[in-house]
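Just dropping this structure here.
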Amino acid sequence: MTIPPLLMGHPLANKENASYALLTMSRIRKFEEAVEDLFGRGMMHGTMHLSIGQEASPTGVCMALNLTDQITSTHRGHGHCIAKGADLMRMVAELLGKENGYCGGRGGSMHIADVETGNLGANGIVGGGIPIAVGAALSSHLMKRGTVAVSFFGDGAMNEGAFHEAANLAAVWKLPVIFVCENNGYGMSSSTELAFKLEKLSDRGLGYGIPGVTIDGNDVAAVYEATEAAVQRAKAGDGPTLLEFVTYRWKGHSRSDKNLYRTKEEIDEWKIKDPILHFEQVVRERGLLNEDEIGEQHRLATEQVIAAVNEAMKGNPADPAGLLDSVFKKVSA
Amino acid sequence: MSTFDYAVIMPKMSMTMEEGELLAIRVNVGDLVKSGDVLFDVATDKIDMEVESPADGVVKEIMGQIGSTMLVGAPVLMLETTTQVMSFDFNTPSPVVETPAEVSIVTPVVIPTSPQGSVKAVPKARVIARERGIDLASISPTGPDGTITWEDISNPQLAGAHDARKAANRKMVAGAIEKTRGIPQISLTRFSIHTTSGLDEGSAHLVSTWARILRRNVHLNLSTISEDLREHVGIALIMESKYGLAMPVFRDPDLMAGNDLLLWMKKTREQARAGKVPVEMLTGATASIFDLSHTKISSAIPLLLPSHTTALSVGAPNASFGHSEISLTVDLRFCDALEASNFLDQLVSAL
Amino acid sequence: MSDRKLTMSEALREAMAIALDERPEVFILGEDIGIYGGAFGVTGDLYHRYGSERVRDTPISELGIVGTAVGAALSGMRPIVEIQFSDFTAQAMDQIVNQAAKIHFMVGGGLHVPLVLRAASGSGTGAAGQHSQSLEGWFANVPGLKVVMPSSPYEAKGLLLAAIDDPNPVIFMEHKLLYKVAGTEDVPEGAYRIPLGVSRVVREGKDLTVVATGIMVSRTLAAAHELDKEGITLTLIDPRTISPLDMDPVYESLEKTGRLMVVQEAPEHGGFINEVIAKVVTSTSLGHLIAPVARLAGMNVPIPYAPQLEKAAVPQVDDIIKKAREVVASWR
């Protein structure tokens, strides 16, 4: 009930694609809002990194990917997981520390992986997933699978050594990997203006000899197009691409963030550029979806999220009894 | 347009937050609010925070009081909203999360202290000392830094404590025999055809048979000291022990099942060898038996111990003829020689 | 060739060739391992035999290399990473400790990381502080990593093949001084595996149980031969895998000798070998000891450069002989 079939294709190609794109973005939005609510009630342990306002990036990228293409994600990875086809119930269950959560309650928000949908995992280390995606691409190359790997990361990760080493390796080996930088303007509290001496982060591609493109990250169609081009490049054996999607996160870095480093005006300005509202406007203008159909996607998304949360809450809490046995994979005789 | 009631709660804003102070309320009942408008300010030990409205609507009711401290999750104000804010079915009982109680990782280490101040000994020496009941303070350490070594405790020449017990035992036996000189006694001997059997089997048979005879002849079962008739028959069987000889007392052995007595006999011999005869077996003897049938001693005159009316000894069977000598010593104040020879006959027939 | 007294380098190379033949998903990556044949010559001619796709030279990017290996391992490959000096694992710590070690556990079992990380470890070549460390203790303290220390060519080949088979990340610490030394045991020609997590009783004696790791195994063996002449006999136990650790032979031996000595190259303070002592002391095995535990380990200093300083900083054969004599004589 909580996993719709994945769909590939341009978000504005037809009614079906448009519905899917809108539903996916709405699911991400509603999921994050639900998480915010549950966390606010003290039902979730630890902290949460919400991606409200950034929904177009994972949606547009994943509409250009197959089920077998792989992704690695970040600490702010709920959107990537959902867009790649994760089961909402198992995601909530994980955040609630239940035994039927994706990680059996052992990983939490930052370590959700879903092997069946090609999701090699969110990552609690900034930049941790970038070399891993390169490895997945290397694997595809060596085994001639024809799949691509996408590494999602933020502007903050581009200053980690891991990004540099991974990008260089992928470039010299011409691996089928796509580096997707979701530039939301801030590391944790440090703005990109203070962390970079660049206007466009995609200019760094030059340093590795790979193409770099900067795109409006709140335009799901533009995101799709840029990704599709990078996928074709990769599959043709021409190596990696650096995509910079400029977007914005509405909520603080995590729940204890009081937003001291930015102004309310800035947040409001970006809320006007809401990717979901923007897409609704486009599909209306193009006559792809009418008002009712738009409302229907939001209703569906809400229904799916509520069902996922209610179901997840019934699950059993993860049991410490199995901990020691879960560290190593058993060696088969 | 349909409206929905939505309670805006005290939010959890950090991992450790459990309650927050309501600093200020920015709206009044009846105010129109838009999604994102600040409704109230809260403070925690770490930060102050503005709580925003999740949807457009009207402030319906204000439950929180300015300045009060509220638990996370408590409702601060009620909104009537035009868009449905997602709400979940929190009333379904969800399984209770049991966070295991703080487990102390420090396991208390019980350090056995020597009552006579700190003695240093290698671990194995301590183990053995405890097993044998040796007081470490009585051992002279030869190891580095005054530490008792394994050799110190396992070398018999140097285990002074062991010798001390032996000496004590000897002294006790000698003391008891000393008293025998004052008792008027006579000793009679006759031959008995001895069926070979195991040491314990033989002793058990002997002990239970003699006990039966004593019971039939009640006046033999008197305490020679108080002249009271005793209710029970207690046979002290002299046997080899760790520190010399021991004399564990078998009470009413004739009333036990043969197998039970045999097992008891075996166990007692083991305990004697370990120097661990139970205390309750050290009293209550009315007679003593010296079973030499498994040694090379052909005969011995059993001496009466204080408070015993009779003492028996059984010698080793003759190598050629197979018979052995049984000697009975009786206290003449309670039994004459003729009676004694009678009892001896009874015993031989019964064996 | 009937003489199979290979060097550790040769033995490791044989193991990797067997793995490359047995499994198409095995490949090797590292700095200078291809055409150059490896900084210590371990990969040798594998590049020529298996090609540049499967024996991959990399730029100097330990973090990127290990991370790429993790990603490949997650996607069906069995990479063997060569880290030129174990000291450089420091560059790659995030991918080793935060990623490889934990992914299987954190994601609830759905993914695993069959990765082998081989590193040249230890002192004695005059390479000084940043190229001579023994860091196995760091990794032994990270749940999710297996840590192996081969002590001889025979051990190295069998353990490496077992490590490659293992579906979990294995840190394989080779001692530099052993690469070019021919072993005393024949190395079987084909494939054989020495199971991880099983200790080996190298020799038995009656006076002292010695647990030694890495290069200290052969040094202790040399010491044992000397001590035999004096009538002092050692039992020598080589754990081979230090994490997970097989202590059973140690407990059994202590019942007979009552004396324990532990020997490692890594610095004493907070080092791995203390785990052996801890396990004895926190168990009833303690009651068998007739002497305090003797411990020989590296000095708590960075490995110095000058040869006499370098030697003085870690236990040598003579140190082992002296200490063993002392323990047996003082504690009867």
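Chains: A, B and C, in written order; residue numbering restarts at 1 for each.
To be clear about the criterion, a contact is a pair of C-beta atoms (placed from the backbone, for glycine too) under 8 Å apart; a residue touches a chain by one contact, two chains touch by 3 or more.
Only a predicted model underlies this, so the values are computations on that prediction, with no experimental measurement involved.
> Please tell me whether B-C or A-B has the greater number of C-beta pairs in contact.
A-B
> Quick one: which chain's Cα centre is the longest way from chain C's?
Relative to chain C, the chain with the farthest C-alpha centre is B.
> How big is the gap, in whole Å, between where the Cα atoms of chain A centre and where those of chain C centre?
Roughly 40 Å, centre to centre.
> Report the inter-centroid distance (CA atoms only) between chain B and chain C in whole Å.
46
> Find the geometric centre of each of chain A and chain B from their Cα atoms only, then give the gap between the two centres in Å, rounded to an integer.
64
> Identify all positions of chain A at which a residue touches two or more other chains, and write them in rising order.
none
> Residues of chain B that contact two or more other chains, please.
Correct list: empty.
> Chain A touches which residues of chain C in the complex?
25, 27, 53-54, 56, 58-59, 61, 63-77, 79, 94-95, 98-99, 103-112, 143-144, 146, 165-168, 196
> Which residues, counting only chain A, touch chain B once they are in their complex?
30, 33-34, 37-42, 45-47, 97, 255-256, 258, 268, 271, 302, 305-306, 309-310, 313-317, 320
> So in the complex, which bits of chain A are touching chain C?
Per the stated touch rule, the residues are 70, 72, 101-107, 111-115, 120-121, 123-125, 127-128, 130-140, 142-143, 149, 161-162, 164-166, 168-169, 172-173, 326-332.
> Mind pulling up the chain B residues that touch chain C in the complex?
Going by the criterion above, the answer is residues 122-127, 142-144, 149-151.
> Quick check: in the complex, which residue numbers of chain C touch chain B?
Touch residues, chain C against chain B: 258, 286-292, 330-332.
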